[in-house]
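Look at the two complexes coming up: chain A is in both, with chain B in one and chain C in the other.
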Partner chain A sequence: MINLTINGLDVSVEEGSTLLEAAQYLGFPIPTLCHMEGLSPYGACRLCVVEIGEGEKSKLVSSCTYPAEEGLKVRTASARVVRARKMIIELLLASCPQSKTIQDLASKLEVRQQRFRQEHEDCILCGLCVRMCEEQMMAKAIGFRGRGEKRSIGTPFDIKSDVCRFCGGCIYVCPACQLRCTYNEPEKAICGGCANLSPPCVEIDRFNDMMCYMDPCVACEIEKD
Partner chain B sequence: MKPSDVRVILNKYEEDRGGLISILEDIQAKYSYLPHDALKIVSEETGRSLVDIYGVATFYKAFSLSPRGKHLISVCMGTACHVRGAPQIAEEFERQLGIQSGGTTTDREFTLETVNCLGACALGPIVVVDGHYFSKVSTTKVKQILKNAKDRLDKISIEKDRRIFPVEVSCVRCNHSLMDPNFLVDGCPSIKVIVSFENKHGWLLLSSLYGSYKVSSEFDIPTNTIINFFCPHCNAELSSATACTACGAPMVPMIVKGGGMVQICSRHGCRSHMLDLNGINF
Partner chain C sequence: MIKLNTIFDLNALHDRLISSAKPEIPTVVITAGTCGQASGANDLIRIAKREILTRGLTERLHLRVTGCHGYCEMEPSVLVEPRGTFYPNVGIDDIPEIIDAAVKGITIDSLLFKEPVTSEPVEKQSDLPFYKKQVRTILSANEKIDPIRIFNYIENDGYSALMKVFGIGKSSRIIAEIKASNLRGRGGAGFPTGLKWQFLADQPSRNGKYLVCNADEGDPGAYMDRSILEGNPHSIIEGMIIGAYATGATEGIIYVRNEYPLAIKHLLIALRQARDLGLLGENILGTGLSFDIKLVKGAGAFVCGEETALIKSIEGKMGEPRQRPPFPTQAGINGNPTAINNVETWANIPVIIRNGAESFRSIGTKNNSGTKIFSLVGKIKNTGRVEVPMGITIGEIIYDIGGGPVGKAKIKAVQTGGPSGGCIPSDKFDLTIDYDSLAEAGSIMGSGGMIVMDEHTCMVDVAKYFMNFLKEESCGKCFTCRKGTQRMYEILDDVSNGEGSLEGLELLEELANSVKDTTMCQLGQTAPNPVLSTLHYFRDEYEQHVEKGKCPAGVCRSLITYSITEKCNGCTACLRACPEEAISGKKKERHSIDQSKCTQCGACWSVCKFDAVEVL
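Our next item is the complex of A and B:
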């Protein structure tokens, strides 16, 4: 067993578990995007950052890939962590504004606007589909290709792969292509209405076209601030 | 492409099937690109998935998935070359060859690519054609370079070189002279560099007589070791993108006073070298 402190609480976890698992064990919420139970941790999205160490030496690490260490001091929601997460989610929103998963994460982190040039790129290279294909579907039909800004996910030579069985696992886990929310103007799609924060309002009329298909709607709450 | 050829390459790596990059390099050396079917065979024979191999092949700039030309022209677009006008030079090449950078001419003669810093900034803008460096290139020289490449570069045989004359060299990075007048080798000022190999680190003095292979060094260097060379002034590693034509080790570039570049093989005991004097080859 390994003993460490998370947000001041002592916890002992089994050797080999990650900081994310340790924090979840204690019930501290950490947002994740590219992490999924049953798939190997990959550390692509960096949303799950936590701060480890103390004082000068403290640093941000991705909790889904960082193994628990003896005596480690972890903070899961320090100001620095929250700032980093907000920035990351803003950048994710900038590249893929229409993903419901990302929007939900954004509104949970209280991000309602993003300040960057809007791209409508669909893939955020989280690698969920690649891992799904390889680890759960045992196919290895898709993978990463190229590098830098040309990095993409797909089959070799962009033709149908011999090993693909059309299982659809990749589409199933994709945070960008499932459940698209387009609001009525895609540019402003970060309405946050789907975060299920408060009971539905009665003045349906006034907020009708703002309403998300997920209920309850909180459009009125958002209007206030 | 013949599947048997690819299998021959693969057999070479029988023991070490992990060396995917070396396998791909060999295939690329044979065909000048990586044919689709060759990758399939590699996948079948090594048991690696095609998508992994494709990922590696597309990750490295050194690999190409489409056929390349006979001559490879690399225009350096590193910072130092960039400020000295490399973009215009690349444009001029594009214009004269009628292709975009990254492309190959329809007659399969030339492939043009841009690279980021070849480690010879002091000589910039640099253009490398089939491993031969052309220094201080200007747009007016482009035509000549293309012509040289077409008629001559592939015919040079360096082993036959018997001329002896002293050269004066400097570092390709900082342009400081590497000559050491206090220490004579072959009766001429020697070339002083820092070398490191097998955890050892020390000075090495080379004869400045072109064609002489005398060296004197702090340590005994066993033959066949590949040595890393460094500039004693700026500590930059002297290493070029070119591989020795005789043994495949990386070449070590130095600027020759008067314009031009000499490259020697980094393997101790290998006598291969290349001399490009302002693009004219000896």
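Our next item is the complex of A and C:
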């Protein structure tokens, strides 16, 4: 067993556990996006960062990949952690504003606006689909290509894959393409971010870069219902 | 080739080579590293060979082709031993004359280097200002050794450190020696090499242990490692065999980027020679040590220099860093313990063993012992590779060794540590060079790139350049690194186009700090350095861009206009140089620029001999 301290509480976990597992065991919530039980940890979205160590040497690490170490001191919601997570959410919203999953995460962390140039890139390369395909469906039909800004996911040479069985597992786990924001069906809009806001028309500037992508704007329609 | 079966065989070979050497015969040394070959060294070699053969001088003159000696500005250069006469920028026609003089033992004054201030000729290489302040414990070997001749290396005390190690016989004492030398890894992070070896030695070996030489060197403007690989490949092989003996490693790998064809060629030749001679393979020199080295070529991704990505690349997977721990010494290539060291680190090993840790420690400072090689490039007179003791100041490198600025413009800053290093302003040039003080100043040592910038360099443009590099070279796995570098580039691009805002600068700083904090590997953690250091030291330049719409250095095209002043005497040089036909004017009359056609390319500015083109 490995003994460590999370937010001041002592905890013993089995060797090989990650910090995320240890924190969840104690009931400390840590937001995750690229992590899913049953798939190997990947550490791409960085949303699950926690602060480890003390003083000068303290640093942020992704809890889903970092192994629990003897005597480690972990903080799951320090000011530094929260600041970092908010910036990550802003970046996510700027790239993929329609994802319901991301909007919900934003609501939880009280991020209402993003300050970058709005894009509608959608894929955030969290790699859930790649791992789903390889590890649960045993197909390995899709994978990553390229690096840096040219990185993308697809089948080899972008042609129909022989090993793909159209199981749909990739779409099922995708936080970007499966759960789209259903802004005109408020009962399905869990975050309620849009429905709870007063109509943006009067304060257009504030909503120009709103996290929620609404074009055409239907906030008033939602109000009426 | 003969095969050496015992340590005594190697010793005997060494003695035989020394006794049959004829140091009194003059030798013409031609530098033919990649830099030398690019400036025409191959032609010099061809002519020199023909000259020596046709005139029957083979008994009276030796020719040696070596790797780069460092003074790249003066390539192709010729050195004549034993006097140490240095001829810079040699042309094909000079060769017969140089050969004549070498045979007669005289020098040709007209071809010598001229001291820049007094114009006095300087004969000896060691007297040149460029070399005077250098301490060349590693690079000096490049002059003496023909990289494709193993006997040449052995004759110059090569593999004598290996003999010493076999003589000591205890691996723990070798590690203790490396620890005592305080050698820190030259690949960038400065991790103590002795400690790393200890970790590897302590690991049990199930399916073998690996040693890796990291020769990926992906930083733009850096070529320190290349010149060691090209000029002295056996020093790395010797270092690795010593490493294997000390740590119990069974396999070695040199990971070298495919863009270094000459280095690959020389390494392959050197590895084959070492194997043929019995210095690699089973039961080396009868000591029971079995170790071989294989070459793996990388495809030129910057991130593959990162050790965990490098391991993946060697395994044939996509070059992506992974979470450490486990560290490579715990689980590296195919899960086996692996120690990765930089080329320069490996080249230091034989030096330490040969001269002792004590003597190594006497160079440099307390926590930073030994020398470090830098590649000095940019707006500086003497570009080239310099090897200096740790703890020297930046100013000494730039002004004393580098010779200061090229033109009239003052030097403004120096960028150290490759793309993810930082810019250090000229008022901090008394900063000493070591791992700790550079990090404190917001930069890093990196692998030793040093880019000098003058007043015609725009710091926003510099940050943008590096961000552009990093957004393409990030592996792309960590969202904050991939997207963060893109967004930083986007904001910098806005600033350089005059579309930036003060809020934008704040966002840039906030984002840069977050990227530093939240990425997994050091590429992302250091990627914001160019932005943060320029924002810190040159914030006024950023502010002038966004508030006044001006680029003080006259670089950002959207923010500058070119005009022709009354100094113009109508020579028509600019008119002919302008690719857009934006300049009009009659001969001997003042010209003018049509701003609607001008694309701010600066061609007129660079051709004008009368300072008549003004940038505002």
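Some notes on this structure:
Here, the second predicted complex is superposed on the first by the 183 of 225 C-alpha atoms of A that agree within 3 Å, B and C clash if a C-alpha of one lies under 4 Å from a C-alpha of the other, contacts with A are read in each partner's own complex, and residues count from 1 in each chain.
The rule is simple: a contact is a pair of C-beta atoms (placed from the backbone, for glycine too) under 8 Å apart; a residue touches a chain by one contact, two chains touch by 3 or more.
If you're wondering where the values come from, they're calculated on a predicted model, not measured in any experiment.
Model built by superposing both complexes on chain A: chain B and chain C clash.
In the superposed model, A:Pro156 lies in contact with chain B only, and not with chain C.
In the superposition on chain A, contact of A:Leu91 is made with chain C only, not with chain B. Contacts of A:Leu109 after superposition: neither chain B nor chain C is touched. Once the two complexes are laid over each other on the shared chain, residue contacts for A:Val82 go to neither chain B nor chain C.
Comparing chain B with chain C, the partner in contact with more residues of chain A is C.
By the touch criterion stated above, A:Arg147 is placed in contact with chain B and with chain C alike.
Contacts of A:Leu39 after superposition: neither chain B nor chain C is touched. Of the two partner chains, chain C is the only one touched by A:Val49; chain B is not.
In the superposition on chain A, A:Cys167 contacts neither chain B nor chain C. The superposed model puts chain B in the path of chain C at one of 133-141, 187-195, 421-429 or 457-465, which is 133-141.
Residues 144, 146-147 of chain A lie at the contact with chain B in one complex and at the contact with chain C in the other. Listing the residues of chain B that touch chain A in their complex gives 36, 39, 49-55, 58-59, 65.
Contacts from chain A toward chain C in the complex involve residues 42-46, 49, 59-62, 65-67, 69, 80, 83-84, 87-88, 91-92, 94-95, 115-117, 124-127, 144, 146-151. Those residues of chain C that touch chain A in the complex are listed here as 301, 303, 318-319, 322-323, 325-326, 470-480, 482-487, 490, 503, 507, 510-511, 514, 517-520.
Within the complex, the chain A residues that touch chain B are 140-147, 155-157, 161-163.
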